[in-house]
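Consider the two complexes below, in which chain A is the common component and chain B and chain C are the respective partners.
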Partner chain A sequence: MSFSQFALQLLTGLQIGAIYVLVALGLTLIFGTLGVANFAHGALYMIGAYFGLVVSSQLGWGWAALLVPLGLFGVGILFDRGLLQFFYKRPVTDQILVTFGLAIIIQELARTIFGGTTKPFPAPQWARIPVDIGFGYYPPWRLVIIAVTIIVVILLFILLRYTKFGLMVRAGMRDPEMVRYLGIDATRLFTIVVGLGAMFAGVAGIMGGPAYSIEPGSGMAMLVPSFLVVVIGGMGSLVGAVIAGLLMGLAVSFSVIFVPAVSQVIIYLVAVIVLIVRPRGLFGVEGIG
Partner chain B sequence: MSNQGKKTKTLSRRSFIKTGVAVTGGLMLGNQLGIGPVHWSARAQDYPALGNFPVGDKVVFGFNVPQTGAYSDEGADELRAYELAVEHLNNGGGMLATLMPSSLTGAGILGKEVTFVTGDTQTNPDAARDSARRMIERDGVIMFSGGSSSATAVAQQYLAQEAKVIFMDCLTHSNDTTGKDRQRYGFRHFFNAYMSGQALGPILAERYGTDRRAFHLTADYTWGHTQYESMKQFTEAQGWATEDNIMTPLTTTDFSQYLTPVLNSDADVLVLNHYGGNMINSLTQAVQFGMREREVNGKTMEVVVPLYSRLMAQGAGDNIEGILGTSNWDYKLSDEGSQAFVTSFEAKYGFPPSQAGHTAYVQTLLYADAVERAGTFYPPEVIRALEDYTVSGVGPGAVEYRGCDHQAFHDILVVEGKAPSARDSEYDLLETVKQVPRAEIGYECDFFPGELGPYGDES
Partner chain C sequence: MKKQSLFARDSIYMLIAAIVIFSLRWTLPLLGGYSELATRMLIFSILVLGFDILVGLTGYLSFGHAAFWGIGAYICGYILLHFTQNILVAMILGVLIVSIIAFLLGIITLRRHGIYFAILTLAFAEMFYYLALAPLQKWTGGDNGLTGIKTPQLFGLELSGLAMYIFVGIWTLIALYTARRIKNSPYGLMLRAIKSNEERLTFTGINVFRYKVMAFLISGIFAGLAGTLFAAYETYVPTESLHWTLSGEIVIMSVIGGFGTLIGPMMGAAIVLYLENVLSAITDQWNLILGVIFMSFVIFLPGGVMSLSKQLRRLFSRDQVPANRTESQGGD
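Let's turn to the complex of A and B:
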């Protein structure tokens, strides 16, 4: 394998992993704080992608970059207040059933509105022509995906590490009951967390849409690998989600070159191996997951 | 409840026998009157019980199409065409005026009104079989039809053979459907991967020269495999070399990891043996990776999509411009049959039909015509009426249903994606480069090994 082939495959792996990371961050944030396994998270990704398509084609990419994250934050708030809050204390099976049911409803609504066929979702004009990156030509939009993911991860870490809100979220992730006793409005906190999780899914949608195109099943297709990323990383671990997401992306990319036959199942193989060695996931905390 | 319980308890052996005799007698009487169970209807008395038979003054068709999943838009168009076909069979119109020769009357089939039930294949062979089995066993369909996906078509053909109910394949392009998996009870009007290769090979050499190296990305299931083999065979016959082939899972949405190896190869042609959502994604992403601007060995890289459809072209948007492929039919064809269908379809739905819709419509009419000619719904007789039968007026040129493998032979099209500026509507996406006569796309019956199996009435 030549250096350029290795480098291109590495870059592709990082880009695939970047989308997994964006989706998984929201998933693990919601699970870590609320203890809710949100199976509608893929649907939020899909809403972000379709919303991005509509706004970018009507108002341009500038507006799409602004409105999609904000819009999805709003969707997350509505999702929490309208449905999720009633399931905080319910068994995990109830949470899975209701969120999965919602995902199916959203998927079929998208099919009714946009049709079942894949929609072309053109990237911004400046990001369409491949650029020379020294070891080959690469689509600029996919480089943007990697860059945006890095920025989102850094911003999230700053938010959680250096702000009062972040402190409350971290406290909530560790012991939600004690947070309430300390007089913090946990309900509001949880709602904002769901909003943030949805926002990340929205960012993933608007990033992933032009790279992969969109169809109503896009959300479900994204859900399974993202959940595996969360499980491998350790349920509720943000660092784990980032590391596991990138690991998955690289596994998918390199398996095509070295063992094409297993490329379809490589993410499951990685999950099995990691869970045998570390049942709580790479960065899982005892008692969670 | 308690009374019922007592009654059950007091059901004696004597009353059980009495009831049994009464029921059996009733069934025998029903048989004589033509109102009994499926096979015992008056019209079928000349034949032994086999498959399904219409009861009363109606006959039921089953249309099993993908109503959910990646091919659901295609399935929706097939359903529209099936519905139109049923309407025309019952009331006349459309291709009933152009079919030559024709035994269709426009007043049902053999005097019976045609009705239909629908099912969802989910583009999954198991789901397709389950749905088809329900149609056969619960709804008593006399014929079922549907697509898309060769995997679902092949699965349904085997079920058809087992249940002795005729299956008219809709959109299936794998060589296997009428090759190794051919069945006596399955008939395919749609063309196949081998014909695509035959038609496309010379045009590719003419356009891009004979010194080319092709890299294939192939959908990893029956259709993809045969499509790759056929394209490899016919491009190599023109002097091309095959650089490599990667099988991509049907569920793939991100093809980037498959495209980077292409960038690192010597290939100057990328052949996408993909269909539906796969093709939309792989083509879009190939364009993103600069495949169309790429210069290799002093030549501009070319992308080829051997099987095209308008619905796919709509999904791929502007990326289809200048890309060559093949198609079974196009709504812009000017022959009488095509235009009769397009006119009535547009009148009913407000937009032109797809090639999937065309095949769905034609298959329904050809089955109905065969029943009229056979004078019975009895499946072996209908099969014999369809075999080695030539008809015209359902598209360009004549259509011959070959008896040895149940593959229909007719003209097919080599098409090219239109530039956005050359389109006259959102449906006008493909330009016909060549209408390839059926004489140029033939092959011997035993070219693909396979057995049709029995009619079911052999003694």
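Let's turn to the complex of A and C:
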């Protein structure tokens, strides 16, 4: 394998991983603060993708880039107020069941509205034709995905590390009970966290849509590997989600070259191995789950 | 005396179950179904029975039971297709291999609970699905599934139509009897203790892990048995047998029926298959309707159909009995 081949494969791995990271960050944020296992997170990804498809074809990509994250933030708020808040204190099993039910409903609604077939979702004109990046030709859209993900991760890091809001979220992730005792409006905090999680899923959707394709099953197809990323990284660990996501992306992209037979199952193999060796995940805290 | 009355109650229970099971083929057409649907319902009821032993009793929610069903179906189908038409040979081998896999998966996945367990079981099932789709294509037929399976035979008797129905019915009765015996035994009590407080059970010096693996194994065997029957009945194994949607459907059936009641999930399976049959004739959106029904159950009636009478009684009686949600609660 030549250097350029290796570098291109590395980029592809990062791109695949980037989408996982975005979806997994939302999942782990919601789990870490609210303690809710959101099986409907893949559905949020899918909403982002379909919403992006509609807006970009009607109003153009500029509007799509603006409206999809904002819209999904709103969807997240609605999701929390309308459903999740009643399940904070219910057993994990009930949370899984109710969000799983919602995921099915959203998936079937998408099938009703957009049809069951795969929809082509063209990337913006300028991002379609592969460009020379020094060691080979590469589709710009995939570079956009990597770049946007890096920006989102940095922004999230700044938000959590240097703002009062971030301090409260981190406190909430460590001890949600205590946050309430300190007189912080935990309800609003949690709602915003769900909104953020949904927004990340939406960003992942609008970027992942053109890179892969969309159909009603896309959400669930994205949910399973993303959840594995969260579990491998350690439930509730943001750093873990980022690193495990990239790891998974690279595992997928390199297995296609070296062991194509297992490329479809590589993420499950990696997950199984990590969890046997280290059941709490790479960055997980002992005792959670 | 007490033992005798228990035995009598057991006999009546099984007698009623037998009557329902063996009359379904003729009662169903009166309700707008078709007679072959009865066989399907019975096969799925075996599947959810096993699922209930795991989830209903121990509270461990598995999202990967499609794996056991699918592997059982594929192995049974493969044997019927290539080696012998003897259904018992195909079923025994299928269930045997499924139980080995269930045992191994149990050991790996049961080290975690709650959400971890759900995700791990889901991941394993997805792994088998993708394995069947591409790397094992040569044996599984890839996208097309296993087609062209010949009608299985039982000692020279062709099993199709009514004969198959009776064969499946007998297995359903055996499954129900076994599940009921497990549930009502001290062993079942132990499993239920895992659900109510696993930690406390551990502190009493009991090897909880062993019980959990056994519950997982038993439920895997039920699912595998149902899978082998499905392959024999359909004479076809679709790829969807391993897909997560099937695992989800099992969960939906059990929730609608009511976890932990055995009869409930069986009813849930019948209800879902009946609705699927009736609604899909009227509308394309029956999956959407099913999703809405499922969610309404999770939110408003977590105990499923089986808790309906209890809920109604509570509604109409003066004394306020506190809501009993334990039926739906699980391992966290």
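Going forward, the second predicted complex is superposed on the first by the 289 of 289 C-alpha atoms of A that agree within 3 Å, B and C clash if a C-alpha of one lies under 4 Å from a C-alpha of the other, contacts with A are read in each partner's own complex, and residues count from 1 in each chain.
Quick note on the criterion: a residue touches a chain if its C-beta (ideal position, glycine included) is under 8 Å from a C-beta of that chain, and two chains touch if they have at least 3 such contacts.
On a predicted model such as this, the values are computed, not experimentally measured, just so you know.
*Asks:* With chain A superposed, do chain B and chain C clash or fit?
*Replies:* Chain B and chain C clash in the superposed model.
*Asks:* Looking at the overlay, what does A:20 touch: chain B (first), chain C (second), both, or neither?
*Replies:* neither
*Asks:* Scan A:200 for contacts with chain B and chain C and give back first, second, both or neither.
*Replies:* Neither: A:200 stays clear of chain B and chain C.
*Asks:* In the superposed arrangement, which partner chain does A:104 touch: chain B (first), chain C (second), both, or neither?
*Replies:* Second partner only.
*Asks:* Give one of first, second, both or neither to describe whether A:231 is in contact with chain B, with chain C, with both, or with none.
*Replies:* second
*Asks:* So in the superposed three-chain picture, is A:253 touching just chain B, just chain C, both, or none of them (first/second/both/neither)?
*Replies:* Only chain B; A:253 stays clear of chain C.
*Asks:* Is A:190 touching the first partner chain B, the second partner chain C, both, or neither of them?
*Replies:* neither
*Asks:* Should A:79 be classified as contacting the first partner (chain B), the second (chain C), both, or neither?
*Replies:* Neither partner.
*Asks:* Thinking of the overlay built on chain A, is A:264 touched by chain B (first), by chain C (second), by both, or by neither?
*Replies:* both
*Asks:* Could you point to the stretch of chain B, among 57-65, 93-101, 147-155 or 201-209, that collides with chain C in the superposition?
*Replies:* The overlap with chain C comes from chain B residues 147-155.
*Asks:* Of all the chain A residues, which ones make contact with chain B and with chain C?
*Replies:* 108, 111, 264
*Asks:* If we count contacts the way the header does, which residues on chain B are in touch with chain A in the complex?
*Replies:* So the residues of chain B in touch with chain A come to 68-76, 220, 246-247, 249, 251, 253-254, 256-258, 260-261, 263-264, 276-277, 280-281, 284-285, 288-290, 293-294, 311-312, 314-319.
*Asks:* Report the residues of chain C in contact with chain A in the complex, numbered from low to high.
*Replies:* 59, 61, 63, 108, 111-116, 118-120, 122-124, 126-127, 130-131, 133-135, 244, 248, 251, 255, 284-285, 287-288, 290-292, 294-295, 298-299, 302, 328-332
*Asks:* If you look only at chain A, which of its residues touch chain B in the complex?
*Replies:* 2, 4-5, 8-9, 12-13, 15-16, 108, 111, 115-120, 122-123, 128-130, 136-139, 141-142, 211-213, 215, 217-218, 221, 252-253, 256-257, 260, 263-264
*Asks:* Touching chain C in the complex: which residues of chain A?
*Replies:* My answer: residues 31, 37, 86, 91-94, 96-98, 100-102, 104-105, 107-109, 111-112, 220, 224, 227-228, 231, 235, 261-262, 264-265, 268-269, 271-272, 275-276, 279, 289.
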